[in-house]
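Structure incoming, see below.
Just so it is clear, A, B, C, D and E label the chains in written order, and each chain counts residues from 1 on its own.
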Amino acid sequence: MSEKTTKKSKTSPAKTGTKQRPKRRSIRESLSLLYSSKKAGMPPGTLLNPSEAEKPSTKVHIIEFDEYRFAENDADSINDCIVSSEKPGVTWINIDGSGNADLLETLGKSYGFHPLVMEDIMDTDQRPKIEWYQNYIFIVAKMLCWNSVDAEIYREQVGIIIGSNYVISFQEKAGIDVFDPLRERIRSSKGTIRKQGADYIAYALLDAIVDNYFTILESAGEKVEDVENILLSNPCQEALKTIYALKRELLVIRKSAWPLRAVITEMEKMETPYIRHSTKIFLRDVYDHLFQVIETSEIFRDMLSGMYDIYLSSISYKTNEIMKTLAIIGTIFMPLTFLVGLYGMNFKHMPELDLPWAYPTLLIFMVVIAISMIGWFKVKKWI
Amino acid sequence: MSEKTTKKSKTSPAKTGTKQRPKRRSIRESLSLLYSSKKAGMPPGTLLNPSEAEKPSTKVHIIEFDEYRFAENDADSINDCIVSSEKPGVTWINIDGSGNADLLETLGKSYGFHPLVMEDIMDTDQRPKIEWYQNYIFIVAKMLCWNSVDAEIYREQVGIIIGSNYVISFQEKAGIDVFDPLRERIRSSKGTIRKQGADYIAYALLDAIVDNYFTILESAGEKVEDVENILLSNPCQEALKTIYALKRELLVIRKSAWPLRAVITEMEKMETPYIRHSTKIFLRDVYDHLFQVIETSEIFRDMLSGMYDIYLSSISYKTNEIMKTLAIIGTIFMPLTFLVGLYGMNFKHMPELDLPWAYPTLLIFMVVIAISMIGWFKVKKWI
Amino acid sequence: MSEKTTKKSKTSPAKTGTKQRPKRRSIRESLSLLYSSKKAGMPPGTLLNPSEAEKPSTKVHIIEFDEYRFAENDADSINDCIVSSEKPGVTWINIDGSGNADLLETLGKSYGFHPLVMEDIMDTDQRPKIEWYQNYIFIVAKMLCWNSVDAEIYREQVGIIIGSNYVISFQEKAGIDVFDPLRERIRSSKGTIRKQGADYIAYALLDAIVDNYFTILESAGEKVEDVENILLSNPCQEALKTIYALKRELLVIRKSAWPLRAVITEMEKMETPYIRHSTKIFLRDVYDHLFQVIETSEIFRDMLSGMYDIYLSSISYKTNEIMKTLAIIGTIFMPLTFLVGLYGMNFKHMPELDLPWAYPTLLIFMVVIAISMIGWFKVKKWI
Amino acid sequence: MSEKTTKKSKTSPAKTGTKQRPKRRSIRESLSLLYSSKKAGMPPGTLLNPSEAEKPSTKVHIIEFDEYRFAENDADSINDCIVSSEKPGVTWINIDGSGNADLLETLGKSYGFHPLVMEDIMDTDQRPKIEWYQNYIFIVAKMLCWNSVDAEIYREQVGIIIGSNYVISFQEKAGIDVFDPLRERIRSSKGTIRKQGADYIAYALLDAIVDNYFTILESAGEKVEDVENILLSNPCQEALKTIYALKRELLVIRKSAWPLRAVITEMEKMETPYIRHSTKIFLRDVYDHLFQVIETSEIFRDMLSGMYDIYLSSISYKTNEIMKTLAIIGTIFMPLTFLVGLYGMNFKHMPELDLPWAYPTLLIFMVVIAISMIGWFKVKKWI
Amino acid sequence: MSEKTTKKSKTSPAKTGTKQRPKRRSIRESLSLLYSSKKAGMPPGTLLNPSEAEKPSTKVHIIEFDEYRFAENDADSINDCIVSSEKPGVTWINIDGSGNADLLETLGKSYGFHPLVMEDIMDTDQRPKIEWYQNYIFIVAKMLCWNSVDAEIYREQVGIIIGSNYVISFQEKAGIDVFDPLRERIRSSKGTIRKQGADYIAYALLDAIVDNYFTILESAGEKVEDVENILLSNPCQEALKTIYALKRELLVIRKSAWPLRAVITEMEKMETPYIRHSTKIFLRDVYDHLFQVIETSEIFRDMLSGMYDIYLSSISYKTNEIMKTLAIIGTIFMPLTFLVGLYGMNFKHMPELDLPWAYPTLLIFMVVIAISMIGWFKVKKWI
């Protein structure tokens, strides 16, 4: 039990990836529920550099392409990241490790991003949302991965800034991401991706994130069905705890998907030069997928509630069955035990004791009692 | 129990129709809940040919008619399916086996359908929806059939494309469909159907699908009432599992009907040349039926919840009844058994044992105890 | 129990009125939940003549009046029913037995009613609704009567067609209706009714139907309070079944009243020459009554749920009380019975048996044990 | 129990005020849930004179004032109540006993009130509502008083008609009202009340009614907390019934306050000369108070539900505790009793019986069994 | 238990801060649920001076600043608080002790505040709200602090009035506030605060209040997880009471945060010179935080409900486990005890007693019975 209590757990999820004994992450960590109270009282827009120990390594990956051209490289200096607004083609800058305050500050100043945007990228406890600015659109989404070490869903914030000819994506840390197939598609020029603009890349990022929700949901669905089969055959206390854990997993999925739906809707509806009409048709597709994720997770939730009911009533039923047995045994043997005790008494004057046919008569009498008892139970439908 | 666990079941429902030992289809299969994750990372609009083994047979059936003319034949080549926009009358092309990627691709290119439409037809995990394009309307609906082999509802996706003078309907596989009466009506020119346009055929298809929901719902309703009768007379664990299974069936119905309602509403409201006003009056009728399906399935759901409560409280009540009996037996015999044990002791000096009237006195005393106990229970309303 | 199972019951409610042994009508019948699947595949607007056996007798009653004139007679031929649009005054045609397809067809053609309207009148499973046509308004409402033979609510569909100078009302069958007081008011020219138009007659019909809901609701309310009193004094299994039956009755009421509310609202709001402003003030009154019916039925529903909770916890409480008694008896007598058994053993060498004060000592010791046990229970608040 | 059953109770609440043995009023009476079915079939607007026995005494109180003038008197004849529309200042006519049909009819005709308004005033089962007419506004509200005789909330309908220079308020019966402080304020010219118009008087009446809801709610709140304290210390069946009764009280409050909120909102929004802008600011204040009443009553409701859960689980917990004791006693003594019974058998050939150390050995063995049993329970955390 | 009952508790929360033995504050106090009924009947806008004993000490703190200037001092007389509308820079007046009626009245008259505003500031039972007046905006918010003495959340009303160049904040009493970091920021001119206007100070106040909600919520979250760990390992009655107490804490948080959200939304939307566009971007940030507070508190609430279910079913499960043991013991030993009693009877003619192999045979028979019983339980999956 002691492994489960993480009362004084740090909010930084970086620690949980270490190879030490895996600890269950608290629900607050899983959902990044609480805005870190460290910054209370600070002016808004302050970028706090994390302490040296927690400082994540930062990796900047840049892909530039247009219909005929393709270039891919890791950025050495911050200057590589600055995209002139007249540059042709599309540049996708992917930054792993959004905790690097210095980098973000330099980047934000170069592009002229609002300080609150930079703060929201660093603070990884944001809800999925979309914000419209003069020269760019800022989107926050949540990426889910299955962390097989902790046997838990790992939730990472992805910030996306869409400009006229660039997309910048910010991830919490390097290593885990779901964008590799997208990179491959750009490299190999599969489909029409090379002919599209920055908005299409942003769509492709969101699509990759949402497609990955399905993977997570599918594994949750398998577990839901496992629990169901266990419950229907042999309800046990463990199954109940699994139900409780699965409800949490579904909560993490739902809390990631639900607000993203509003983001997509807003992207579809808003009139802005940064999102072209042809891309909006594809966004509708993402919306459909998101809807399916939410609907499915709610069906699973309903099923889990139904299973809880099944569990409870199975326990009641079992108790009832056991009670029956006890009652039958008790009801049959208590009178009989009384009778044999009666004739075990040592009174001097008990005339029955001396009768020669007394013993067999008593035996027969007791058999009659037992049989009539059983008949009575049959009438009462206990057996 | 082992038959019920289909943990590693394939998403392709084609397998379940085989004549082998019937397996319970998982809820994920029944509802086509999960967008197949196979395609994650592929460009949108990709049509994946299913593996050779799963490849369904494709059957194309074409009905052409106008007020005076009627022709019906199975298409040999894909060219038979191409309808010139100037061709008079109405052509209804029914394609069984929507998994044939080659056919769909050719068809899509001939008519100029959007790649996402073709993808949605192949991917049979879509929610019912409607999409408006320049030259056609695309509708996804869910057809329900009762599969008597598996004793389960079988759910199949139907895609409908409405053009100016043609309707194309896509079904998952050949064999099961609910459109035969419609075909018969066209053949025999019953009612005014031959005078109507493509939109009326689309209405008739939707009407046939919704009418079939009633059949499914009616059989569910019968089972609901059976369970109710069982529960009111003799609550057992099996009934509970039936309730759980029925809730699932209703879920499948509701999930098919609910989004279709929005589809019909949108068809009624939208201003488009492809749906004439006279047809909209008929669509209102379909809407009314759908509403009834949803309402009825919710009433059944409520009834099942009520039955669950009845079940739980019946169990409680029964346990209580049994407890009473146990308590009565225990309370009566325990003191008596103690007494007879008391006089079974082997102490040398127990003066009562030698008294000649001791034994009958004790017997009377015990009868008095038993009677007063029973009186006390009567006061407490236990018996 | 066998009387309750009406699995293969016909949808025609005509049978239930027969004087044979009353059968409980299923919820599907009570609510007319299911659109009869017989007609699946037929062209819309088809009027199916019921089989000869089920054919209801049809009665047509005509009342004509204006401020100075009043005529009332039963129609002999269908021609009596045709009202010229220039005829002065108001004609109210009441048709009992809406299952007569021939009559309806003739009537529909004479007046030019839409075939779907005629179909909706015959198909008595419609939800309450309103439909606007060029020359008339079509309303479907549900009339409730208390059927004392079956001890059940009887639900009948009433179709109302409002024209410029006529109202036609269709009832399922003759015999039961709530319109007699209205007829009397017209006959005796009470209030201003003779000066009003066809819309006012329609209002009066709806008002009579809604007023009757109160009668039904009041009797349900009395039963709710009876159950409550029973439950608070002595919870039994029967009361639970009554709760369940009452919930159904309330469902029937609610399902009749709820959609009618939308009908009235639409009548109030729509701009049409067929409903005058002065009548709309009266419709607001009907709306208020309907709102009260719905609200009251929901309060009753809440109360029934509360009673179910009371019932469940009463059972729990009783079980707990019985457990206490058992535990006390068991706890007191088990050690004592052990002790008397101990000294009933037949070992040769049991020195206590020979001591002269052993028996009284043991008796005192047992009393001490019993008293201290009872004291312990008092501390634990069990007694 | 018999006192609680008021099955055939009359709808007239006048009876309940009598000094006889107090009966619990049914929920239907408390909420005036049911529109009296007596009038079914009568033309709308009919004012039914109550039977002689039930006829309430009527009292008409008139206050006339403007900034400099104040007059107060009881009306002798109906003519005193007629206010000319040119009369300066404000006249507030308060009529106790709204059941006097003759008075209402005369009044209604003099002022030209709509018959339905008069009917709504007499029929005291109206929901709170507002209706706009050409020359006046009609408001229905519900006044709540704590009736200490019946220990129940007493609910009375207040009808308010606002004209240009008069306010008429109708109460069900004399004796109980919450308007005395308002009268005092007018008499003593406290605040600015004398300078205000008829709309301000109407506001003051509503404010007085809503302020009184707080008094009722506060006493309910105290009872809620009492029950809570009882439940947390010693859950008993009585507390449950109190919870049920409190839920009802809250229902009465909520059903009075909820529709009144819509009334106030409509008064604030409507453009009418009868309600001036300066009064609307004060109405906003009333609205805030109403909102608080509703919110608070819902919090109490939630708390009561929470307490029910606490109660149920306390019972479960107690049963569980008792089961433990029973199980421990049973598990320890049953084997021991068996053993002593074993050596109480009278077989001739039982070699153990003759061994000199058999008895002490058995005693020690039994102690060992008992101790190891207790140890096992400790491991299982039962004790 | 007696400490918990605060039936006749005063509404003034001032008392609870005293150093005497801490009493649990009732939910009504915690939520300031009830508008004090003391004032019923008084004209609106009346400021009641609290009784001498309850009179709180009042402290007025004034901060004046612009980009270059900063002055901070405690006000001596009321005149120090009057800010001329032409005075440059921003003046923030913080008044601790909003119960001082004289001060408020003088202040209100000087600035021309509406009497209802002053009343709302004094009456600390207001819901968070915003009101727009000609020359100023009035906001009511709720400040939460963790009161470690009572181990309870302390809730204080903060009234904020925003003028063109001044902000006045009213707190219930001196001592506790969350505005110190803000004061420090102004003093040290951190960020851009000195360049901003009165609206930014108001934003900063609201931001400080909302940031503090996170602190409260975080501590609640820790407790939620503690309870969860306790429940999963060893469900006990205490945990249930903690759940109940936590639900209350969350209710206090939610009731403070929820209506504030509407306040912020209205501030963002309204067109007013008192709130500039640049400040609205920051308000959006506060809104996001509030949303997170509400969402998190609802997740915690859900988790607590889930835990209650876990608790209930754990109890059921445990009872079931104990029943099993009892049943097994009973079922095994009852027949055996009967058998040994049988051969303990003192009948003269019991032939078995004399057989030399009878005793060992019986022993073996009893072992067989016991073993077959255990086998039967294994089959029934009881052990």
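Observations
Everything below uses one rule, namely that a contact is a pair of C-beta atoms (placed from the backbone, for glycine too) under 8 Å apart; a residue touches a chain by one contact, two chains touch by 3 or more.
Everything quoted here is computed from the prediction, not taken from an experiment.
By the document's definition of touch, common neighbours of subunit A and subunit D comprise E.
With each centre defined as the average position of its C-alpha atoms, the distance from subunit B to subunit C rounds to 27 Å.
Between the Cα centres of subunit B and subunit D there is a gap of 44 Å. Shared contact sites, meaning residues of subunit D that touch two or more other chains, fall at 312, 316, 319, 323, 326, 330, 334, 337, 341, 344-346, 350.
One full turn of the ring, starting with subunit B and passing subunit C second, gives B, C, D, E, A.
Considering their complex, residues 1, 4-7, 26-28, 31, 33-35, 37, 39-46, 114, 116, 125-127, 129, 234, 237, 240-241, 244, 247, 251, 255, 308, 311-312, 315-316, 318-319, 322-323, 325-326, 329-330, 333-334, 336-337, 340-341, 343-346, 350, 352-356, 358-359, 362 of subunit D touch subunit C.
Of all residues in subunit D, those touching subunit E in their complex are 180-182, 184-185, 190-193, 207-208, 211-212, 214-215, 217-218, 221-222, 225-226, 229, 232-233, 281-282, 285, 288-289, 291-292, 295-296, 299, 302-303, 306, 309-310, 312-314, 316-317, 319-320, 323-324, 326-327, 330-331, 334-335, 337-338, 341-342, 344-350, 381-382.
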